[in-house]
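Structures follow.
Look for subunit A in each of the two complexes below; its partner is subunit B in the first and subunit C in the second.
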Partner chain A sequence: MSVLAVSFASFTHLEFWIGVGVLAAIYGIFSVGLQVNIGYTGIYNFGQVGFMAIGAYAMATLVVKARLSFWLALPLASGMAIVLGVALGLLGLRLRSHYFAIATISFAEITRYVIQDLKVTGGTAGMLGFETSWTRVATWMSARLHLAPKYYLAPLLIVSWIVFLCVVFGVRALLRTPWGRVLRGIREDEDAVRALGKNTLRFKVQSLALAAFLGSVAGYLLALDLNYLSPDAFTSDTTFIAYAMLVVAGLGSFVGILFGAVFIEVLLEGTRFINLPLADERVAALRFIIVGLVLILGMAFRPQGLLGKRDEMVLRD
Partner chain B sequence: MTSVPLLEVRAVVKQFGGLRAVDRATFEVGEGSVTALIGPNGAGKTTLFHIVAGFLRADSGQVVYEGRSILGKPAHAVAAMRMVRTFQLTKTLEAMTVLDNMMLAGPNQPGEHLRNVLLRPLAARRRERALRARALEVLETFDLAAKASDYAGTLSGGQRKLLELGRALMVEPRLLLLDEPMAGINPTLGARLMDHIQRLRNEQGMTFLFVEHDMEVVMNHSDRVVVMAEGRVIASGEPHAVRRDPAVIDAYLGMQRDRAADG
Partner chain C sequence: MARPRRWCIQGALLTATTEAREDLPGAQARLSLPLGPRGFFSVLLAAFIVVALIHGGGHAFAQTTLNGLTSGAYFALGAVGLTFIYGSLRLINFAHGDFLTFGAYMGFLANVTLHLPLAVAALFAVTTTAALGVTTEKVMWRPMRSRRAGTFQVILMAVGLAFVLRYGIQFVAGPQLRALHVDATTSFKLPWGLTFGRTALFVAVASYLVLAGVGAMLRFSSLGKQMRALSDDLALAETTGIDTQRIILVIWIFAGGLAGLAGVLHACAIGSFDPNFGFVLILTLFASVVLGGIGSPYGALAGGVILGLVQEWSTLVIGPQWKIVVGFSVLMLVLLVRPEGVLARPRSL
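Moving on, here comes the complex of A and B:
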């Protein structure tokens, strides 16, 4: 039985779980943006990681290269992601849904390659030294909470979960307004909504811009978590893992994302500790197989996800 | 019955590859009239509807509404001018409630603008109350009030037609374009639908243009008939005059002759 032994040692290490919690919040915020697009507006955004990369890199570049204040760099980075979201929307959202999906993947890949090839973003070598302002805050928080040094990620855990909760409930409230009702109408049938006098392109672009904003927030939180930025952190797998979180959460459910994000992150990170007589990269691949298996089982036995509405799913054929 | 035209279609042409779907179609819809647009399958009625409502661009010609050219205006802008269309295949927003379907259609809701959602939430809420009251009132007249909180996807085919008409009324239209309002519903409900249309015209002076391909259906329900065949308008006038028009008889009988030949 030693072949399939699981080393539980790491499971009891709180600092490990703090790290998992930070990632769950970051990818949860990221997924909320996707939920707005796919679950509420019916637009297929497969390029969310591009906005995350822009948020992270714009912040880091402004701080390190332009010597701007970190706190000023945050809104500027988000502003840049929003501008690019609007541009992508205006250019791409006239395409039919599946072609738009392809356009968004291209956008994310182009973004990554541009970052990799630009000098100002550090190219493949990446970027360092953008987090000093945050470190001061984190140190102050750690001191106030009397945290042991090994729990250095705890302040980020607290901040990212506060942001995550605000995002989940804030966006949920936003989508219960008449604005959100138009988005849902577009998801059901865009032509019907156009025929009722709504400029559907405007709403779709706004939906994408909101996702871009949330992607950028997830981006700079990820930058603070990693302390080091490299283009490899922004490959399209990230977007697909976030989709897995949505499948667990249920399409259209924001509160479900709280659970979906934690569940997928725990699954991804927890599977690291299965000891197999395999090379490391094979174990890494195995983690994705396990996540895939869980998704297939979920789709088969609970297709609406944890908190999705089965009625709405069935009615939408 | 001559009145001021609310809508004028002038020499509209639409070509799809080698097929001329609409070929210099010209007709008028008088203010306050119930005008039927009829013709055999493939006559170009629905294509013309798409063009008038801004869903398709014409190759040439003019569409004048309220005295202004609207050709090339996007669909939502046309609807905002209170010319509202329905669809041949009913487009209910299925995973939304009947009430949400109705309220979505309400115009001038400041809460549909993101900045107002944040800055003027009270104005949005006030408008929301008014829209809800209006929606329930319309649903009441269509016997759908009991279904207000059900998903629209649970309605029967006939109820969906009524919902679509009710939803269009929420936009407070001056001109309603109905694409085959009676397709796929039973004759009793069809008659009721036409009664609603008559009532709205008589009580509120609303103008209607509706597509139908069965000549018999339109005879009792319209005051003007426009007949299309092969993309062209071949006749227009009062129903009983049109019915005796040789060109119309030929278009319809020609179809029957072709059918007989096929059989």
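Moving on, here comes the complex of A and C:
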């Protein structure tokens, strides 16, 4: 009796791996925002999923309820996430780190419950029918690339990975500018940076706004992937899973996120082709136990992350 | 609004005081409120009560007060452990909600699987959850403290522990709804047409007895005083000769045991539970803790009860589905205008 059978049928199903790839890119973009906050600025953003929810729902609501063009809704949704990020930062970033962590997670949970309770966002029933403009583009792309219909997610895979790579290398370049050096200085010693005459609150708010923007981008890409929005897709677990990606990637490493995102998504989604002798819900629980263990063991034994550089990232308060 | 600072003269104490100042939630954030912070929040609460009374009427108000006192009781039981852990170890125990879940499932194991009476099951839950708290301290938190782990490391480990516990419970017990062997339907008729469930009454009476016992223990016993000293300032407590390692273990037993009890009582009061309920509850517990002043046990007890009442009263003004949002909004409001808490005496620094 085989204990660990691998059914190659689903292993070779390319469309399955396309789906995993899309999710890896989406959560990778999401994690880049967290990396900017925690890895580069030292601010404890535990509410990133709130920005993702706002990006997704603002876009969907503007398209479905306000009948706005999809292409116009995207920048508006990001703008809304950025405004909320700035507001949260201005109000909350004066708090010490622990308290800011609690403030951000409650921001994310308030956002989710408000979305769930409001009529305009579809409530618990969710939201449909916001992706027609994208479907037109996707169909055009599929036709140009001569893709079989079952690879319907391939255009989104291409777009999300282009966005992901642009984000990874763009943000990495941005953080090598003098602006990025100030952020790193804040992470190392905020008082010293303040003594140099920098308004550290302003830089921290900008860092949070950048994370909010990236969260919103991940949000509408996720909306396009799911085709259907429900508040359940935006629980705080998402933020914590993204932290597990950062633990794998290494704090302060952007290229590592490419690996961390793929690793965690393959763990969460790609392991479906391994047939464990367990009920489905047990296997689902097991995956999250592994995520928890990655967080615990990673932080206990390799706080700089699996791929991180220790001299760059010795963690401080 | 800078408060007068009390400077200590002795070197060791001075160091401890400076460290304590580092932990002040928002040294730059002090907003000056009209009427002072307590006055401001009292007026806010009074205005809210008036609105709820007018909206809902006296009868509904009295009924929601009964409900709020019940849920507030187990919020308080959960919150007091959380605040102790933060106060003494500077650890935001994100897994504390899952301690409640663990307690509820241990109660289920004893009560339903093994057919033991509810009181025995509650005792079993208290013991096992206390043991869980001590285990996490010995396996995770003490080694991390001796390695001088950073704040961020410890927070993420607590998040990881929350995942392991919640999904570990789901792995073993399955994701379906469970219920203890309690009578959730019979209710007492009180004068004025009010009703109070038999189980809810049991939960409320048990909780308030335990709360009173906890309060008295902290106030009068030497152990309670040592625990409060640690929660106030660990380094300072150590310089006065308290065996801090021992008291930290006592705090974990205390926090775990009360969390286990709160889990069982929550399971009784609500009627059913799943592996997620503790994690959903954690922000409500944080809200109670922050409202009461983080690190202050009496504050957390009072904060939990007030939060339970405010959540229930809010159902008179807006729909019951907003109850959780109201709780989190209290948390945000207090964090933003008065992060050192409303109920506790502000720490002199």
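Things to note:
The rule is simple: the second predicted complex is superposed on the first by the 288 of 317 C-alpha atoms of A that agree within 3 Å, B and C clash if a C-alpha of one lies under 4 Å from a C-alpha of the other, contacts with A are read in each partner's own complex, and residues count from 1 in each chain.
Throughout what follows, a contact is a pair of C-beta atoms (placed from the backbone, for glycine too) under 8 Å apart; a residue touches a chain by one contact, two chains touch by 3 or more.
Computed from a predicted structure; not experimentally measured.
Of the two partner chains, neither subunit B nor subunit C is touched by A:78. Residue contacts after overlaying the shared chain place A:282 against subunit C, while subunit B stays out of touching range.
Of the two partner chains placed by superposition, only subunit C is touched by A:106; subunit B is not. Judged by the touch definition given at the top, the superposed model places A:98 against subunit C, while subunit B stays out of reach.
Contact with subunit B, but none with subunit C, is seen for A:174 once the two complexes are overlaid on the shared chain. Within the superposed three-chain model, A:296 lies in touch with subunit C and out of touch with subunit B [touch as defined at top]. Of the two partner chains placed by superposition, only subunit C is touched by A:240; subunit B is not.
Contacts of A:31 after superposition on the shared chain: neither subunit B nor subunit C is touched.
When subunit B and subunit C are set side by side, the one touching more residues of subunit A is C. Under the contact criterion defined above, the residues of subunit A that touch both subunit B in one complex and subunit C in the other are 315-317.
The touching residues of subunit C, when paired with subunit A in their complex, are 23-29, 86, 90, 92, 140, 143-144, 149-157, 159-164, 166-168, 170-171, 174-175, 283, 286-287, 290, 294, 319, 321-322, 324-325, 328-329, 331-332, 335-336, 339. On subunit A, the positions that touch subunit C within their shared complex are 38, 44, 91-92, 94-99, 101-103, 105-107, 109-110, 113-114, 116-117, 237, 240, 243, 247, 281-282, 285-286, 288-289, 291-296, 298-300, 303, 315-317.
By the touch rule above, subunit A contacts subunit B in their complex via residues 174, 177-179, 181-182, 184-185, 187-189, 191-200, 206, 311-313, 315-317. Taken together, the subunit B residues at the contact with subunit A in this complex read 53, 55, 74-77, 79-80, 84-87, 91-96, 100, 103-105, 107, 109, 111-114, 117, 124, 127-128, 151, 153-154, 167-168, 170-171.
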